[in-house]
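Paired with chain B in one complex and with chain C in the other, chain A is shared by the two complexes that follow.
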Partner chain A sequence: MDPELNPDLAAAPRAEALAVAALVAAGRRVEPVTVPAEGLWLLRLAEPVRDDRFFVGEVPAAQAAVELRDPVLGACRGGAVLLHGDAEWAGALAVCDAVARAGWPGAHEVEALRERGRAARRDLARMRAAIRERTRVSFAELGQEDAG
Partner chain B sequence: MITLDHPWRAAGQREVFRHLLDAMARPGSRHDLSPWAGGSALLAVLACLVDAHTTLHDRDGLLSELDASRLGAGRADAGVARFILARGARVPGDLAPDRGTLLQPERGATVVLAVDYLDGGAPLHLRGPGIDGSATMAPRGLDPAWITARAGWCAHPLGVDYILVDAGRVTCIPRTTAVEA
Partner chain C sequence: MGYVAVRGGEAAITEAIRTLELLRTAGAADPLGVDQIRDQLRLLVDRVMAEGGLHDPQLAALAVKQAFGDPLEASFILRAHRSHLPRLGETAAHRGDDLRVVRRISSAFKEIPGGQVLGPSTDYLQRLFRRELIDESPEAFKSVVKDWFKDLPDDAVPATFPKVLDLLRAEGLLDDQPAGTEAVDITRSTLAFPIPRPARLAHMARGETGGLLAIAYSTMRGYGYLHPTVAELRVGWLPVRLPHPLTGEPVEAGEVLITECEIIATHEAHQGSDGPPRLSLGYGACFGHQETKAIAMAMCDRAMVSGEQRGARHPAEDAEFVVCHIDGIEAMGFCSHYKLPHYVTFQSDLENLRTSRAKMQAAP
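Entry: the complex of A and B
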């Protein structure tokens, strides 16, 4: 699994990911290297002062690892981790990951999917930044009010 | 897109587990796993029992790289592995599986033995919990040294549990069973 590629692909719409995976897997055999799994993962965080570890809760997650076999090009492997309890989606992303990393025909389609995922992540980041902006506190102004 | 056949399907694994429970509860009883085995009862048993939270020692290299990867179990030395996979026809030699401790007898290893066939070999007589009087089994392709070694490993509540598998069937010899040739 490419740690830079995976978040971008995972942010692309599910239906598009499944369609691209089906396209790039056509004529190739997809062998699961691990049994695709979906369920709840315990999310572990570190408290920043003393670095104490604690479990903040559970998140739905899925993972898959596949080997693609092409009659001409040979074999390549890919994997994916997804913060959704959807093993089918994770499997599709693993196929895309394998093709992109190997540079096989179909890598351009995966790159286009990645670009849509990137755009979705940018939109989400902008939306979150706007929410944070509304909660920004100007301590200088607070100080002036206290003085008055 | 990703299709999984038996023995990797959860529904089949539940059936296999039900049969393993019965086989452990009634030592020596034979259970047909072929409907869910996908051609290998050995793999069906492992797919049912082993996952990333367990450890496995494949002494005789019976698993392919792909199957081992799908099982996801950590590789471990025979002395600490929760599950040991071995060919029954080959003597245990200096194998020393974990027998558990008095505080944690459940840590005793489970030894999965691949045999040629669950019938047609030298008879073994079983007695103990789950057996009405006595039972007989005659696995072919099980070296008698496994029975001798087991006698040394098992001292209630410590010990190891045997699961014997041929191409399509399974039978169990839990640590509480007394075995005589």
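Entry: the complex of A and C
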């Protein structure tokens, strides 16, 4: 399983994800494998002092798993989970995930959607990298700067 | 204390609410966009998320707008919202080591592995008015982003870093990590004392910033023994891994912004043995970019651990005192309830007072 597929797809714009899902699902039957859900996950942190676990708070999430049935190709399954309480969005990503995993017709459209998400993540990572690079500091105690 | 139900006033209450809306809209300004609040008042939004206990910047921004900028009311709205949402599960343990850091400083060491990164910081501002912001033009506003993205440097600094504590632990200067205690869901369990450290941390993570700061401040001044060193303060984005609904494998579902702080309090005798003295530590972490809160939380953590080990010597070391008084929403509710009709109880008080006075005057 490609661990980057879910975060890449989840980072693509919602409207585009819904449009691509509708496109690749056309002429196919979409059935939920599990009931699509939206709600909260308690976020557990492990702290480094005594390795205690604690809940820092909750995060909204939605998740969906679907089966796609194609009159010719048979069936394939996909799923998605994202940090937005939006089951419709998760359902659309699950359809895209199924097509991408199975390599069915429509996988190119899903790959294009994935590339949109990948680019968004790349831009974010690049901005954060620039923040780190531009604000990296090497402190010297007073007097030391002259000694060197 | 008893309360009394009252009737009437429906029209006045409706008008009171309408008046709030009037005051929100009566100026000459355009409506405030939720996106504007989310992006431009991000520290306020972060505070509301942390105190509301829910990492949702968009809803937190809406809460700020709806609460007319009152962070306590906004946190209340967010917490009320979360209380009716279904719980999908509890995540596996996430570690601060995985933060995609944008800020990382240490006051313990000049040089730390990976280097210090100032990131977005208000530490170097002079607290002088920037009057150009009064009438900021859209062009000037947009040019900041445009200029910043010119000539982006290559990514020479990694996104994740080892902890400064690991250095000290490798040198044997810290207590060995015991098998950690499991987390407690404070939203679904009754508060009882003594309270385990994971529950204390959870209460503090969504505690009110000012409340935590006041208690931490007491330990810095005359009511405590702490003058800590910040081993590491880091701000970054934590990738949240949730089970894939089809395979069950953990996958990244998104990121949340976290501030995390470890403080070194002092050195003290090795707990439970005759071994050499070790450094004692405190830990704080919360949603959003909230440095003061994370440091204050770490100080309160340390103080309560000390209180647990040798008995509370002052309020900040008393877990019951701290945990019962840092929740802003509870505190606000208790304080505000005094506005509710207490007509009967107050009449009873008055009656008692009059009776006592009459008895005194009648006495020879």
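By our rule, the second predicted complex is superposed on the first by the 131 of 148 C-alpha atoms of A that agree within 3 Å, B and C clash if a C-alpha of one lies under 4 Å from a C-alpha of the other, contacts with A are read in each partner's own complex, and residues count from 1 in each chain.
By our rule, contacts are C-beta pairs under 8 Å (C-beta built on N, C-alpha and C of every residue); 3 or more make two chains touch, one makes a residue touch a chain.
Predicted, not measured: the structure shown is a model, and the values here were computed from it.
Chemist: Overlaying the two complexes on chain A, which is it for chain B and chain C: clash or fit?
Modeler: fit
Chemist: Pick one for A:Val95: touches chain B only (first), chain C only (second), both, or neither.
Modeler: Only chain B is touched by A:Val95; chain C is not.
Chemist: Kindly classify A:Pro13 by the partners it touches after superposition: chain B alone (first), chain C alone (second), both, or neither?
Modeler: It touches nothing on chain B or chain C.
Chemist: Between chain B and chain C, whom does A:Gly74 touch in the aligned arrangement: first, second, both, or neither?
Modeler: Neither: A:Gly74 stays clear of chain B and chain C.
Chemist: Would you check which partner chain A:Gly103 touches, where first means chain B only, second means chain C only, and both and neither mean what they say?
Modeler: Neither partner.
Chemist: Answer with first, second, both or neither: which of chain B and chain C does A:Pro32 touch in the superposed model?
Modeler: Once the two structures are laid over each other on A, A:Pro32 reaches chain B alone.
Chemist: Looking only at chain A, is it chain B or chain C that touches more of its residues?
Modeler: Touching more residues of chain A than the other partner does is C.
Chemist: Let me test your reading of the model: by the given contact rule, A:Ala64 touches which partner, first (chain B), second (chain C), both or neither?
Modeler: Once the two structures are laid over each other on A, A:Ala64 reaches both partners.
Chemist: For A:Ala22 in the superposed arrangement: first (chain B), second (chain C), both or neither?
Modeler: first
Chemist: Can you report the least C-alpha distance between chain B and chain C in the superposed arrangement, rounded to whole Å?
Modeler: Least C-alpha distance: 8 Å.
Chemist: Once the two structures are fitted together, what part of chain A is touched by chain B and by chain C alike?
Modeler: Residues common to the chain A contacts of chain C and of chain B are 33-34, 64-65, listed in rising order.
Chemist: Given the complex with chain B, which residues does chain A contribute to the contact?
Modeler: Touch list, chain A to chain B: 18, 21-22, 25, 30-36, 64-67, 88, 91-92, 95.
Chemist: Could you pull out which chain A residues touch chain C in their complex?
Modeler: Its residues touching chain C are 1, 3-7, 10, 33-34, 37-61, 63-65, 77-85, 94, 97, 125-141.
Chemist: Where on chain C is chain A touching in the complex?
Modeler: Chain C reaches chain A through residues 49-50, 53-56, 59, 82, 85-97, 100-103, 110-111, 115-121, 148-149, 152-157, 159, 163, 165, 175, 177-186, 197-199, 201-202, 205-206, 237, 239-240, 242-247, 249, 251-256, 258, 262, 281-283, 285-287, 301.
Chemist: Contact residues on chain B for chain A in the complex?
Modeler: Contact set of chain B toward chain A: 1-2, 4, 8, 66, 69-70, 72.
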